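Across the two complexes that follow, chain A remains constant while its partner is chain B and subsequently chain C.
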Partner chain A sequence: MKRPELISRILIVTGILLAIGAPLLLWARTPLIHARMAENGGWNPDVIQAEAGKSLHLKLTSDDVVHGFAVGQMDMQSVDVIPGKVTDITLTFDKPGIYTFFCTRWCGLNHWRMRGTIEVSGSPLDPEPASVPLYVSLDLDIDAPHDSSIIPNQKPSAVSGQQLATQLPITSYQSPDYYRSHSPYQVFTDLSDTSLTESQKWDAVAYLWQSNTTPESLANGKELYAQNCAACHSENGAGDGVFADDLAEAGEASMQTMEGAMDMVMQSPVDFTDPRRMLGASPALLQGKILRGGMGTGMPMWGVIFTEEQIWDLIAYIYSFQFEYEK
Partner chain B sequence: MSYRFALLLLVMAGLVVAFAPLPVQPITPQERTFEIDAHQFAYSPSELHVNPGDTVTIQLVSTDVVHGLYVDGYDISVEADPGQSATLTFVADKPGSFRFRCKVTCGAMHPFMIGKLTVGTNDWLYRSIGFSLLAIFAFFRFPRVAKD
Partner chain C sequence: MELTRLPFLKSALKNRYPQLAVFIVMLVGYIFAILAGLIGTPVGSHNFSIVFVWIAWWAILILVAVPFFGRGWCAVCPIPLPGEWLQRGAVLSPPDKRPKWLNLRVPKMFRNIWLQNIFFLMLALFSSVLLTTPNVTGIVLAAMLFAAIGLSIIFERRAFCRYLCPVGGFIGLYSQTAPIELRIKDKQVCVTCEGKPCYNGSQVGYGCSWDVFPGGMTKNTYCGLCMECIRTCPHDNIAVNLRPFSADVAKPTARLDEAFKAFIMFGAAMIYAGVLLGPWGTLKDAAYNVGTGAWFIYAAVFLAIIFIVLPGLFTLAIMTTKSKQALKQRFMSLSTALIPLGLMFWVAFSLSFVLTNASYILAALSDPLGLGWNLFGTANAAWRPMLTTILAPAQTLALVVGLFWSARTAQKVNEAGTSTIPVFVYCFVATSIMLWLLL
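Presenting the complex of A and B:
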């Protein structure tokens, strides 16, 4: 074999090896993130380091059942993490900070505990102070009882309410600020100086609630509800989802370890079809409950997962268990 | 009656038992809905009985992790997350017994999460009873061929 031929052969072989080997090596060096049910350890590792502006490549696999992966408050499509398969995902973070990643497919009673963080370092480009949630600025005690003392005889109808709206100065009630800071019951009492009958007043309230949302918001809220809430609060909102029994059982067990603090029995999911409870709750109050979660109960804190808009959509949907909206 | 003729008769009787159409009263197809509760690692109910031609709706409710349901033979499937029950509607146009199984890996015992869909009556039960009777008859009635 001639010398130039040998050299060119060597060159071609090394070139091919490099072209195949280099990406393979890079891929192999990315650590594999294992997902397990929360009872068995959750994510491993559950803290991931990243740099702002640079892409973060993750490889995910599951050790038991189907899980999902998404990063909270980030506009991204969640991916499934399936046992025996490796899921690749590449993320880019614009801003430094601590992000929460979470499981998106229900993997048992403690599914929502399956969370981890991504610590994104980098120089703060434009540090934005976090805005204070409405329930904090209104100084609401979100754990105080908030029952409505009067409840309608039947589901208030927004359609009938709309017909009444023309003869009422209802527009003054229609601002988003007013809607978010008042419970349906408060609006009902605010309408007391009008000539409406009780059921008409409730219908007006239903119309007010409908006019502060859009069909798109409701549809988005419905989707979020099905994915994240329905397993406990049930698809029809009655609080008897598939995990409700397990939650009550788990609650009893945890109460025993808390030395008889039985007044803390709050483990059963809230019934959104209960008018006494729901009509006494303002959107701001519900925002607080969703943001913070029910400490000591099975209710997760969603503040790090949902964006503010998503929470308002969800709240709008939750009220639809109380009001008859226009189809 | 010769031995050969009797044997021929027996074979004919056997063929009749095997292939004769059973007297079936015409059944009007109906719509059937089943709510199947899927949990690790079983379905309840795990056995479904329908008539051929029925429109079957299966509402799959998962109570712990993500489960699926795949019907062998029909090649159709559905997947349900807890809190998001899913429905599967199909026309049971193929008679017989079909296995249905979980289609997403739901844990260590996932391969054993199975159930059965029976479409129509179990013909072969009656036919095999017929065969057994024939065999018993033949055993006692036919002269045994002496081997010597």
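Presenting the complex of A and C:
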């Protein structure tokens, strides 16, 4: 073989090997976490291993639409995951355990199913006993009907209720334990011995609910609600969020296509502006519903995402659809 | 004007190394595009395969290479190279007298461009998916490479380029309008030339890969500008010439496959303008959701427009004038008039999406696989449509030029004594529709 022919062949083979080998090698060395709408597979991989106390560096990319990434029960700002771009994020977990990461953007109909887990290994330095949620310790059946048999004629006013509070032995009702374990309707009936009119009693209940929260908690609850609940329950709480109609139209079949999904029963998102339903629900009961989710309905479980404090803030905000709080 | 009189150009064309260097770069780029499509981000606008094939390459091809260099792209196309090297058993060495593989002649029934027409239409029907989905692009690019290799092993010369390549078909059609040609200088020299090394090869080079005898060539259509004949001609009788635009289209088409190629390209440009640039979401969905009922309707309408509506209306138009020529003959020769307008349709259509999406090139250059690289510091370049103010005037100008170019072509190819007004009216209506679709 003549020299020019040999050199040409070597150049061609080298070029081809380079064109195949270099991108393959670099691709293999760049593990990405791919985000896709839940209908198309969700997170891949959806289980990530980490070690407590050591930095976990993640490279996230979206294969379709804009997604968000956050880890539940962790103090972090969510980051956007842009189609075709790579988002770098570094996390450090103090304690071992199983953490849930989730999408924070309303990416699609089954957005709320877009979750994965980070399994953090390591020996726990200071084991903490798991606390029992209030709804469990109260032995509440959170699926039982809980309608309020009496409802106010108009939205109860916390401001009016505050003026009445001086006339009442209200302090016994103001403890967090009492507030969390009683529905507004139960408090309303507990006030039956007083000389207040029906409307005044509801105002007093509104005041009690307001006095068990703070403007900061309400603001935090509002933000959590807007980010995580409004897509289905709507910004105004009426249960007609942007996904509500689409979910209803897609029907149960859309919820059964997911891998490992149990049989689902379509249910419209709850209307938080409905006084009969909401005034009959105690904060503990709502805690149970949020923590556990709707079991077989479209309502996801949030226990792995929200901290206990966040859930109480969210509940306080949800009651603001029933009560007129002080601005 | 004979360009090969320029000493620098002539030596560059006669020497194999400059072409080989370009070939290697193109082949590496092509293989990288396949790989990018298969392993890179599935987001088309950030994947090298989509951005560099369907935006950068397409822009160069349809806005520069075809109008100004004819089959200039075929001269550097990497698709046939691995097959051709395998077929020859060499990259540069003189050809063996004994063929290395089957070396069959392509059956006569396939020695036309019907297969190219069919292959183009197959891709055209899937184009919404092909143009946006990197792994589909990767698979199609790989399939073309392997098809070319397979055909080179079975058949002689570049059977893929000549009879199957969906791109080569329309490049050949429109290369007739280009101001570049490869031709012989003196016919008598070819007549008396022994052995016809330009076609059969010699110790200094290979026979024509495109199965064309340069001595008989009157059009650009099937000359792939591989430049082998310049190297093999012992009489220095081959020249590359600069000529007026559209010189070949003055000679009317006499083949039905070529006539239909003109209609396919003409119609496809209009349909693409409606589907890809138009505001009709239902149409886009139908084109994108391959295999659904809506897509089958879309495909049926697409094919009906190309094979029935456009040729049918054209036939009706030319039937309005009396002629001594047979209708089929008139249909074929007058369809030549659609070639310049068809090219301008593609130019106008391509301007729109190329200028809109060209800014993706910078980002894809720095991060071709979507792995988070920033090789040239342009990975985060924002998407921004370019030259938006001149887009509509440029498209309008292209269409108007195309219309008058076609009218002039119709006059040239028309039988003496018959009117070309029906062809002009046909072209005018089509241009008006295209203008409406684009603007």
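For the reader, a short list of remarks on this structure follows.
In this section, the second predicted complex is superposed on the first by the 280 of 327 C-alpha atoms of A that agree within 3 Å, B and C clash if a C-alpha of one lies under 4 Å from a C-alpha of the other, contacts with A are read in each partner's own complex, and residues count from 1 in each chain.
Note that contacts are C-beta pairs under 8 Å (C-beta built on N, C-alpha and C of every residue); 3 or more make two chains touch, one makes a residue touch a chain.
Computed from a predicted structure; not experimentally measured.
Contacts of A:243 after superposition: chain B is touched, whereas chain C is not reached.
After overlaying the two complexes on the shared chain, residue contacts for A:215 are found with neither chain B nor chain C.
By the touch criterion defined above, A:41 reaches neither chain B nor chain C.
When the two complexes are overlaid on their common chain A, residue A:176 makes contact with neither chain B nor chain C. Contacts of A:61 after superposition: chain C is touched, whereas chain B is not reached. Contacts of A:105 after superposition on the shared chain: chain B is touched, whereas chain C is not. Once chain A of one complex is fitted onto chain A of the other, the partner contacts of A:23 are limited to chain C, with no touch recorded for chain B.
Once chain A of one complex is fitted onto chain A of the other, the partner contacts of A:88 are limited to chain C, with no touch recorded for chain B. Shared contact residues of chain A, touching chain B in one structure and chain C in the other: 62, 64, 83-84.
Contacts from chain A toward chain C in the complex involve residues 1-2, 4-5, 8-9, 11-12, 15-16, 18-20, 23-24, 26-27, 30, 32, 59, 61-64, 83-86, 88. Interface residues of chain C facing chain A in the complex, by the touch rule stated above, are 20, 24-25, 27-29, 31-32, 35-36, 39-43, 45-47, 85, 90-93, 367-372, 380. Residues of chain A touching chain B in their complex: 37, 62, 64-66, 82-84, 105-109, 226-227, 229-232, 234-235, 241-243. Within the complex formed with chain A, the residues of chain B that make contact are 61-66, 81-85, 104-108.
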